[in-house]
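Several structures are given next for inspection.
One chain, chain A, links the two complexes that follow: it is found with chain B in the first and with chain C in the second.
Here is the complex of A and B:
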C-alpha cells in the first residue's frame, strides 16, 4: 500500500492510493482526478491519458513502448518522460511516484 | 531519388496548381471516353427491404439510402449479432468486408500495420488524377510528418486563442435568427456556423466563406466514392477554383506578413512560420491536400452534429428538460451528440496481409470498412446505445473520432464549437422545435441532414 500523486497543470495535487495491478489511468479515473479523458478506455489508441512522469520515477514505470510512442508523438505537449497512463500498471514500487498532467490532452 | 522522379517533382513545382488539375481533368475525360474508366452508374433510390427477408450474404450496407430510409440500425444490428465481420462480394463499390462491432473496429483502427489507409479512406474510389496528398490517406511514417506540420492550428493551445472569435461569430448568427417562425436550421445555422469556423481557421476571406463549404461538399460527395450525388466534372472544376483561391491566400498572407502585419493564429500563418512547411506552396499537391483535408474534415462533420443535436433533443424531449435544468451537462452532452449522430459512418482500410478477425480470414489486399455508426450502437460496448442520454457515463468512449494514429485531428475544435453553440442557444431560447421530418443526405459515408425546419421560442425575460 502506498500513494501516487498527480499534479495538474495549475499545480493542484491529488494524492491517491495505489491499487496494484490497475493502470494509472484507471486509478486516476477512479479517484476523480481531473485532466485525464481516457477516450479509448485504456487501449493506447487515443492519447488522452497523457502524463509526464516526474524525475527519476521513469525507472520505476519503464519507458513507453512502440505503440504508445506512436500516439505520444502526436501530442504537442510531449516531454522526454511522457507516458500514456493507461499503459503503466501500478506496483508497490511506485509508492511516492509523481505524475504531472499536461495543460491539454490531445 | 532517380532522375525521372526529380524531374516530375520539379514539374509539379513549376506548373501552377490550377493548370495541373485542369490537365488531370482532360486526362480523366479522355480515359472515360476511351473506356479506360467505366462511367459509374448513378444510384436510383428504391425502397430498401426489411433486413430479416434477406440472406446474410445479400446484406449490403453500402447502399447510400440506408440512413435516409432509417434502415441502418436494423441492418447493422443483424450483422453485429449474426456475422460481425461480414463479406459483401458484389456491391456497387466492389467486394468489401464490414467490421461492425466496437472492439473489432478499435482493433482495425489501431493496427495500421495490418490495415493500410492507402490509397483512400472511403469505400469507393476517387479519380486517380485527383489523388491530392492528404495525410488521412497515408500510412506512417509519411503520415506522421505531414500531420505534425498542421496539427498546431487546431491544437488546444491555439483553440484557446480562437475561442473568443468563434463565440462572437456564433452569437452573431444566433442573434439574427427569426423567432416563432419556421426556418431551415441546416442552412441558417449549421452551414453558416461551420463556414465561419473554417474561414477563421484559414483566415480565408470572410465574404467568400461559403466557397469553403461548396468545395468540401464536392470533395466528400462523389457518386463513385460514397454513393453521393456529385459527378466528377463538377468536382474537377471545383478543385481548380479551390487551388486558385488557396494559392492566392498563401501569397496574400505572405505579403501581409512582409509588411509587418501581426501574425495570426490561422493555419497559413502557422505553415509559413515553420521551417518544415515554409515552402509548402512549392509542393502543390501536398499544399492543396493539407488544406483540403482540413476543410473537408471540419465541414459536414461539425455541421451535422449541429443539426443532429437539435434533432436528438427533439426526439428525446426529457433530455432537453434535463439540460435546461442543468446547463453544466453541456460538455458531456456534446460527446453524446457526436456518438449518437456519428457524422462519418465509416473509414476504409486495405489489409496488408492475411488477418483473422472474429473468425473470418481477411485476405491481403481486401477492402475493410470499419462502420463507426454500427460500433456506436454496439450493445456489447455501450449501454442502451440507441438512447440519447446527455448525462451518459463514459460518453467520451465513442468511435466517432476514430482511434489510433489517424484519430481525428479536429476533435477538440469540433467539441469547442458545439459547446459554444449550446451555451449560446441555452442563453437565448426556451424551445427549439423541429417541425416535420428532416431530409437526409444521400451517402454511405456522411450521415447528415440536407434540411431541417426549426422554430425558436425566446426565453421569457426575467423580471
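Here is the complex of A and C:
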C-alpha cells in the first residue's frame, strides 16, 4: 500500500494511505483532510474538491474531462494540472502523488 | 477533567460536526446518537442513483467506520426523549425500550427534518411510501416492478427525482401535483415548464391541479383517488409533499424555536451549551439579510463547521451562499442562491427544445439566484456574483454570443447595500 499526500494551502501536509478504486475526494474525506468537503458526495456538482496535482503526476491521474474542465475553468485558482478530486480514481501507480489544495474552493 | 459533547442526530450535519470538533481541537468525548442503524450516509442519492440502482448501500457512508474509530467518535442507536438543561443531562431510550440518563457538557442538535405525512382515507395501506432515509429507499426498491404503475404525489424535487428513477427502472409513472405547476414553490414558471416537458418526453404523465382525496385497495394500495373522482392505478405510491423540522425536543427543553431551532451566527441556541445545525436550524443568512431554515446538505455541512467552532469556544461565522442540486435523467440542475422575491428573469439557452439552459433571477438589477441545467459555468459564475454582490447587466445574460466569463465585467463594482429577502422558512 502506497500513500498520497494532500498539502493544504497553508502548507499543512496530510499523507494518507491509497485506497485503490476510491476517488481521491473519498480518500481525503476518509482521512478528514480539511479543505475537501465533498458537498455533493462526488457527483462533480459542486466544485468543492478542487486539487492541483503536483508536477508530472498528472500523467498518472489523467487530465480533466469536459464537464470537469468547464467547472475548473471558472476558478481563479486554476492551474494546468487542476482536477476535481472526486473524478480521480486512485490506483497503486499513484504511490507518492502530491495534490495541493487551493486557498478557496469554488 | 474530561468533557463530553453529545450530538443528537446522525446525518450530514453530525458527520461534519464531529469531524470539525476534532479539527478544532476538542479533546473530550464525542457521542453521536441516531435512530438509524447506520453511520452517517449521503442522503441525496436515495432518490437518485441509489434508487435507480447505480449506487449501492456500500457507497453511501460519508466517512468509514475506521475514521470515527481513529478519531474516537462514538455512535449509539436510540432516541433522545428529553433534555434537562439545568442538569445538563438527556434521556436516551435505546432500541429495547430501556432508558438512561447521559450527561453532557456541550450538546449539538442535528435533528434534521421528517417527512410530512398525508392523512387521508386509505393512507395506511401497504405500498404507500415516503422517501427520507435508507430504509424508505430500500422499501421502495423492493416494490419496484417493471411495467407496473407508480404514482408520485407531489411535484417538488424529491417527487421529480423519484419519478425519473422509477422511469429508468421501467415503471409507468404518473405524477400528481395539487398546485398549478410542478416546482411551483421553488422555481420560476419557465423552469417548471422545462421540467414538465422533459418528464413528459421521458414518459411521465404529469397532472397538475389534482389534489389527492384518498387511496383504495385491499390491504395493499391499488388506486389513488383524486378529489374530482378520477382514479389512477397504483402498484406503488411515493408521497413527496415536503418535510418539517424536528424541533420538538428543543421546544420541550425551552429553547427558542420559530419554524426551526433559532440560532445565532455561531449556530448557538439561547443556551450557551447547546448548538444546532442543519435542516432543523433557523439562522440569519447574511447575504440575503433574513432568517431562513434551509433543507440542504451544503448548508448542514457549513453550519456544522461553525457550530463545532462555537462548541470549542471559538468565534466563527459565514457568508454562506445557499446552493442545491438535483439530478434527473441526464440533467444536472445546480441552483445558486434563493430566488424568492425576484422581479426579473433572464433565460440563457433554449429551454423549449434543448436540455441545457440557465435561468437567472434578478431583483432590482442585482443577481439573487440562478437555476442552471447542464450549465456548470453559469452556475459557478452566479455563485461568485451573488456571494461577492457584484454589479452586472441583466440583459447581457441572455446573449449566448457573450462567453460566460465575459458576463462578469472586468470592472464589476461591488454593490454596497444588502438586499432584503422575502424568503420565509
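By our rule, the second predicted complex is superposed on the first by the 106 of 106 C-alpha atoms of A that agree within 3 Å, B and C clash if a C-alpha of one lies under 4 Å from a C-alpha of the other, contacts with A are read in each partner's own complex, and residues count from 1 in each chain.
Keep in mind that, in the parts below, contacts are C-beta pairs under 8 Å (C-beta built on N, C-alpha and C of every residue); 3 or more make two chains touch, one makes a residue touch a chain.
Only a predicted model underlies this, so the values are computations on that prediction, with no experimental measurement involved.
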| item | value |
| --- | --- |
| Superposed partners chain B and chain C on chain A - clash or fit | clash |
| Which of chain B and chain C A:8 touches, first, second, both or neither | neither |
| Partner chain in contact with A:103 - chain B first, chain C second, else both or neither | first |
| Touching partner for A:54 - first (chain B), second (chain C), both, neither | neither |
| Chain B versus chain C as contact partner of A:71, first or second or both or neither | both |
| First (chain B), second (chain C), both or neither touched by A:31 | second |
| Stretch in clash, chain B with chain C, out of 95-103, 257-265 or 455-463 | 95-103 |
| Touching both chain B and chain C, residues of chain A | 37, 39-41, 43, 45-47, 67, 70-71, 73-74, 106 |
| Chain B contact footprint on chain A (complex, rising order) | 37-41, 43-48, 67, 70-71, 73-74, 76, 103-106 |
| Contact footprint of chain C on chain A as seen in their complex | 29-32, 34, 37, 39-41, 43, 45-47, 67, 70-71, 73-75, 106 |
| Residues of chain B that touch chain A when the two form their complex | 106, 109-110, 140, 144, 147-148, 151-152, 155-157, 394, 396-397, 401, 403-405, 407, 412 |
| List of chain C residues in touch with chain A within their complex | 16, 19, 22-23, 42, 44-45, 62-64, 66-67, 71, 297-298, 301, 323, 325, 327, 332, 334, 376-377, 380-381, 383-384, 404-405 |
